[in-house]
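Here the structure is laid out as structure tokens; the discussion comes afterwards.
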Amino acid sequence: MKKPEAGQLAPSEPLVRVRGLAATAGPSILVDQVSFEVWAGQVTALVGASGSGKTTSALALLGEHGDRVVLRGSVEVDGEVVVDDDGPTEADVRGRVVAYMPQHPGSALNPARRIGAGLRELEKLHHPGRDVVPEALRAAQLPGDRKTLRRFPHQFSGGQRQRIALAQALTCRPRVLVLDEPSTGLDSITRLQLVGELRELAGEGLGILLLSHDLDLVRALAHHVVVLDAGQVVASGGSEVLPAGPELRVVHGSGRSAQPLLQATKLSARVRGQEPILREVDLSVLPGACLGVVGRSGSGKTTLARCLAGLHERYAGEITFDGKVLPVLRKRTAEQNRRVQYVWQEVRGSFDERRPVVDQVARTAERLRGFRPLEARDEAVAVLARLGVSAMVAARPPSRLSGGELQRAALARALLAEPDVLICDEITTALDEHGTGLVVELLQELKQQGTALVWISHDLGLVAAVADDLLVIDAGRIAEQGHPATVMSQPSSEVTRRLVRAARVGQDPPPPVPTTSSDTRSNLL
Amino acid sequence: GSAGDQAAAQPQQGGRLRAVFAGGGAKEVLDPHVQSLFVDIARHKAIYEKLVELGPDLKPVPRLAEKWEPDAQATTWRFTLRDVTWHNGKSLTTEDVLYSLARMADPSAPDRVAQSSLASLDLKRCRAVDKRTVELTLTAPNAEFPALLAGIGTQIVPDGFKDPTKPIGTGAFTYVSFEAGRSMVAKRYADYWDGVARIEELHLLSADAEARANAVQGGQAEYANDMTATFARTAEAGRTVKIVAAKGSTMQAFVMKTDRAPFDNPDVRMAFKLLVDRQRLVDVVLAGRGEVGNDLFGKGYQYYPDGLAQRERNLDEAKALLKKAGLVNKEIEIFTADASAGFVEAATLLAEQAGEAGVKLKVTTGSSQTYQKDLLSKGVIGSHRSGAMPIPQYFTDRLLSKSPFNVTQWRRPAFDAAFAAAQVLTDETARAAKYGELQKTVRDEGGVLAWGHPDYLIAVSSKVQGVEAVPPNTLDQGRFDKVWLA
Amino acid sequence: MRARTPVAVSLLLVLIPLLVAVFGPLIPVDAAPGMPYERGAGHPLGTDGLGRDVLELLLVGGRTALGMAIGAVAIAYLAGGLIGLVAASTRHRWLDELLIRPLDVLMPLPSLLVISVVAVGWRASAVAITLAVAAVNVPTVARLVRAAALDAASSPVVEALRMQRESWIGIHLGYVGRAVLGPVAADLGTRITLAVFLVASVNFLGLGLSPTAPDWAVSISRNREGLLLQPWAVLAPAILLVAFTLGFNLLADRLVHRTRRMAEVPR
Amino acid sequence: MRAYAAQRAALAVLQLAVLSVLVFVLTSLLPGDAADMRFTETLTPEQVASLRAQLGLDQPAIERFGHWVGNVLSGDLGTSLISGGPVLDIVKASVGATLVLTIATLAVVVPVAVALGILMGTRENGRLDRTITSITLALSAIPDFVIAVVLVAVFSLKLGWLPATWVGGDLLASPVLLVLPVGVLLGRTVCLLSRQVRAGTINALHADYVVQARRLGVPRRRLLLRHVLPNAAVPGVQELARTGDTLLGGVLVVEAIFAIPGFATALVDGVETRDLPVVQGLTLVLAVAALVINLGADLVCNRLVPRSELLR
């Protein structure tokens, strides 16, 4: 196997050339006629809805494929043919040429090995005799001292683990870095840091293949964009080929004057034997209004929502609903139970794997509104259909629904109670733009009928658009509260300022990138 | 039989013999006066000796005492000692004998087993007559006294013997090592008076029945004691192992409590004696290796009355007696335990046979460890086995009002008196006649249903010669100084 | 690719001994008692050491051999399962501690000791042995059920069901119970074979049933001396016993395999 | 870590204390006492009664228990009621045989089971995997007494190749004594252990970090040895601890059949003869061994995979 030296390639040649890539699994076609290129020092983005074939295409760069999937076409990486018409070739480009970062890199670290050992192992494998680890650590913005290297993965925070995985990939000194959905679950500040890191790496001459449905991120980074749909390239070019997000039709709250429907005073919550997670939070929601809640990851948003929903029982302070004290869920009356509903952040976990989704959704109407099973089912099917989930899909057990479909089913499950207060915890994370549009539309309609919403999200733009009132939480306290437009345009607290500025990634004007030292260091010992 | 082989083969010298006995785990002891298990007895027989031993018919024979002589009342006995040396080279003296007797009867050591049988010995009046003669005086006359000196736990130890873990005896083997429940090793004693042992080294091992069988078959032992009939049957099919069988040596019986309903009724006792199918019990439980019993202990021993008719099964008469006693279709519990081979099996078969006579017997199994003691107090009928012992001793131990092990609760003052009267008779034939009458009474009225006399089975590897077919508790049983390896 | 032992074979292996155990005693065998360890002569499988017909013993000997084990496991699950479920579903931490801690403390108690004490104290009582075997299993079962139930009871699914105001029964039988069922079913397979072993060993060692009891394990134990004279007295009950445990092992293996596959459904 | 050790130690002390009381109560429930066990046809009831007094069995149970606890705390396990010798000697002797058997068994089982487990795990559901699974499952389904009876009948009695019993054998001189007992214990232990190793291997092979390491170019051999094996070993080590527990605590059947003077035999004998100090001593030693083994297993697992939960 002859490997051309890196310098031999003319700069005009792409690092990766994919031509007419096809992937089939039995009769089904996962990817068809996909072509794209990755250039040194540049970022190529593969975008497209979930299931459009991004991961399948990217793994082909390693010559890998899923169980019983057949690859065809041609993939050339750094001058080596990795896939030809007979499928993957003998060429081995793993690590040395192409480094792949999976979607949840945290779990990609061996729990049994110190991170230093893992890095040194890769160093010895790919670049024996050279000291590449410190460089990789620096690029991944990790300290390179002995103490850090002697720690085990579980001794790092989620964000740090992501960077360790990156450092591992960089230790291989690959020519091409493949990143699969690197921004899922990140708050806007962390996401902004990622953009900075990736820019720097590209600047050093690395070719980057970015797979994402986060269009803002793509806009901020990509030199070339390839749009996939159902396994086929539907557009390619610069960032101008990116689909524009649908306009959200937003109606702002009506019942300004009415009494607050849900109110919390001096709400503090804690987990057994730990620091309080929430400290003295006050909030109130009017009927027909929407309260947006934003904040960095781990700031306590979900905990707040669970307190309101009555699921988190260890809290101090008072929650009132419709003028009366609202107890914890176990002690609520059936009516209170029906009128306050909650949509889980972790949807997958909130469904019973063994029963069809539609049955589980319909159960709400049966138990809380006294419907008969058949009526309830019809109602469930109708609501799900409005959210874009067909009856056929909903008749399956949850494991066979996509994340986005399940998220909508969870919403439907709560809506079937016809609640007066609906608490939504990150209900659009797994949705593409179209799905988000459907959800927002339905909730706007309910709002007009007087339903109050508590809307938790990392997507500042979306929250600003739908909320009447915005709450910014930082480390369990309210950092700022006010009308969304005001908060967004004139943030008064530091967190808000940074969240807002960071959220403008990929939007014009390109934001300045203020990174305080606490962002990279805060989670270290 | 071994007699023929013995004549044919010339005795060989040397070698190591490993003999396996039923083990007693932690219960095994080195103290010859505390013994109770066969393995203990064999061990002590190798190292120590008694004044008197029992012959094949359970009749006393001289050992350390060359001869003995009672006075006319059988109260004072003179024993003449043999000229032998201890393992440490000293000679046997009258002090040794007196010390040993005192040690056996020491009331402050309740575990000395001969204590009760030697209770009649008046230690204060016992004395040395000369260097080789001791005079033993009894509190009450007893013509059977020499047999008592041949009982369990009557070994002669040297004067001042304190530490049983450093055994010194006059026996054919000298002590090397001992581990309770596992093994004892001994070497032959070069100055043994009765002919130096032929084997060089003796290992006495402890193991349960299965391990004994496997060991002797697999060549890990040359001698295995107390084997089952099934093993004998299997072994006889092969060539590696010989069986030495002492015919009808012990007694298997059911004991009925004569003081408890329903067995306080002599008719019921007789009915049970009549309903039992002895031959079937012998065929099944003893796998044919035994003789049918006649409700008497001691078949083939000294004083066993000859000429008594064998009791046969008579279901009709049994049924009639049971009907008379109102026992038909009543349930009676039979108490047994896996304490001795064949107990539960025999009880189960008896239950079947009683069923044929219209009585329901329910088999209750107790703890094998405490069975002997439990049998004294529990149940109305139970399984029973008796080892070999002289017939008068059997009477003393089990059939007198004050007998410690009176499992049939047979308490008749007249019977006690008659036995006492017989025991003082110095004339052996007169004594035998009296004993015979008493035995007839027990057979017809007593609570002992002796159904069989199992053979005592020993397995030896084919190269072992000189093993005698004699009942347990006799001189030649478990004795290794006359044995040799061909 | 379904190349594990066919279910039918495993089922057959389990069912034959089970059917013999259940219906055997109803089948009349009129065999006159013979001599010990006889072959032929009106005894298709010969006779045992007591001259009893081996076939007849085989037909009646399964009730205790399998019944005691199955009973013990059933009792262990009734008691242990209840403790585990209550401990997992209680909101009071002290109750959980009260139920589970003592079991932790009992864990190092050698099961052999418990069984030998019971065997010596209550000689030859099938009920006592069954209870002892059950007792030995309770701590493990309770912990297993508690762990499985705890996983389920603290999952968001249960919260979601509560949000829908599902009844206690609906939640615990409909969801928690079913979630526990998987691990329990897998455990049940191995536990029953282990219990059969344990009961059989106890009987084999003479610590259990009476030595003349018509029980497969007792037969094996009591007749092994005559193995070379009349092998069927040992082999026939041994074959039935092994068939049962083997079949159960195979079924349990399948079950574990299936639950693992179900858990591996791509997400 | 230190808090963990302290908690573990406290629990262990509590467990031992409760255990001692329990063992005492359990054995006291049994009918009869050690003096009764001495009863024979030649010892009269009076002799037995004075023996009981000599053994101190006529004292109230609480007093005897207190006495025993006092002795144990001062490092003395007491004396046997039956043999009169020190309990420590009995414990030592029986532990010796059991330890030899356990070590010999594990020395065979561990390499075999680990090799089989990895083989099966790396060929999940392949022909080899299914074949080995079927064989080990079948072997583990045969009760050990059946295996033992058959092995003895064939190899000792029929063929005469191997000794069938430890009686009359010297372990040092003839280690072949171990062959049959170990053979009997092999089936089930290998089955259980290899299946845990197999499951661990499969889990580790499917784990994201192994997939990722492979994607970063770690070669297969190294992947198996450095990434899969340590993680796969965790369930194996736990199972090994359980196996160790079982082997040390109760292979009564094997001990009985081969006449091995081991732990289980001593324990059952102790119970049967109501030799309370012996039972107490043996249980205590066994419980300590079990606690130490499990602690060791947890520590090893934590060492292998530091994240694994220490306290359940």
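Lettered A, B, C and D in written order, each chain numbered from 1.
In the analysis below, a contact is a pair of C-beta atoms (placed from the backbone, for glycine too) under 8 Å apart; a residue touches a chain by one contact, two chains touch by 3 or more.
No experiment lies behind these values; they were computed from the predicted model shown.
Chain pairs A-D and B-C differ in how many C-beta pairs are in contact, and the one with more is A-D. Mean C-alpha positions place subunit A and subunit B at a centre distance of 90 Å. Subunit A and subunit D have Cα centroids lying 51 Å from one another. Centre-to-centre separation between subunit B and subunit C, using Cα means, comes to 45 Å. Centroids of subunit C and subunit D (each the mean of its C-alpha atoms) stand 22 Å apart. The set of subunit A residues touching two or more other chains is empty. Multi-chain contact residues of subunit B (touching two or more other chains): 210, 367, 369. In subunit C, the positions touching at least two other chains are 120, 224, 228.
Interchain contacts (touch definition given at top) occur between A-C, A-D, B-C, B-D, C-D.
The residues of subunit C lying in touch with subunit B in their complex are 33, 35-37, 49-51, 120, 123-124, 206, 210-212, 224-226, 228-229. Taken together, the subunit D residues at the contact with subunit B in this complex read 31-32, 36-51, 54, 80, 82-83, 85, 90, 93, 152, 156-157, 160, 163-169, 256-259, 261, 269, 272-273, 275, 278. Contact residues of subunit C toward subunit A in the complex are 155-157, 159-166, 175, 178, 265-267.
Chain contact summary for the complex, subunit D toward subunit C: residues 11, 14-15, 18-19, 22-23, 26-27, 29-31, 125, 127, 130, 133-134, 137-138, 140-146, 149, 153, 157, 206, 249-250, 252-253, 256, 264, 267-268, 271-272, 279, 283, 286-287, 290-291.
By the touch criterion stated above, subunit A contacts subunit D in their complex at residues 62, 64, 92, 94-96, 99-100, 102, 104-105, 107-113, 118, 121-122, 125-126, 152-154, 165, 168-169, 172.
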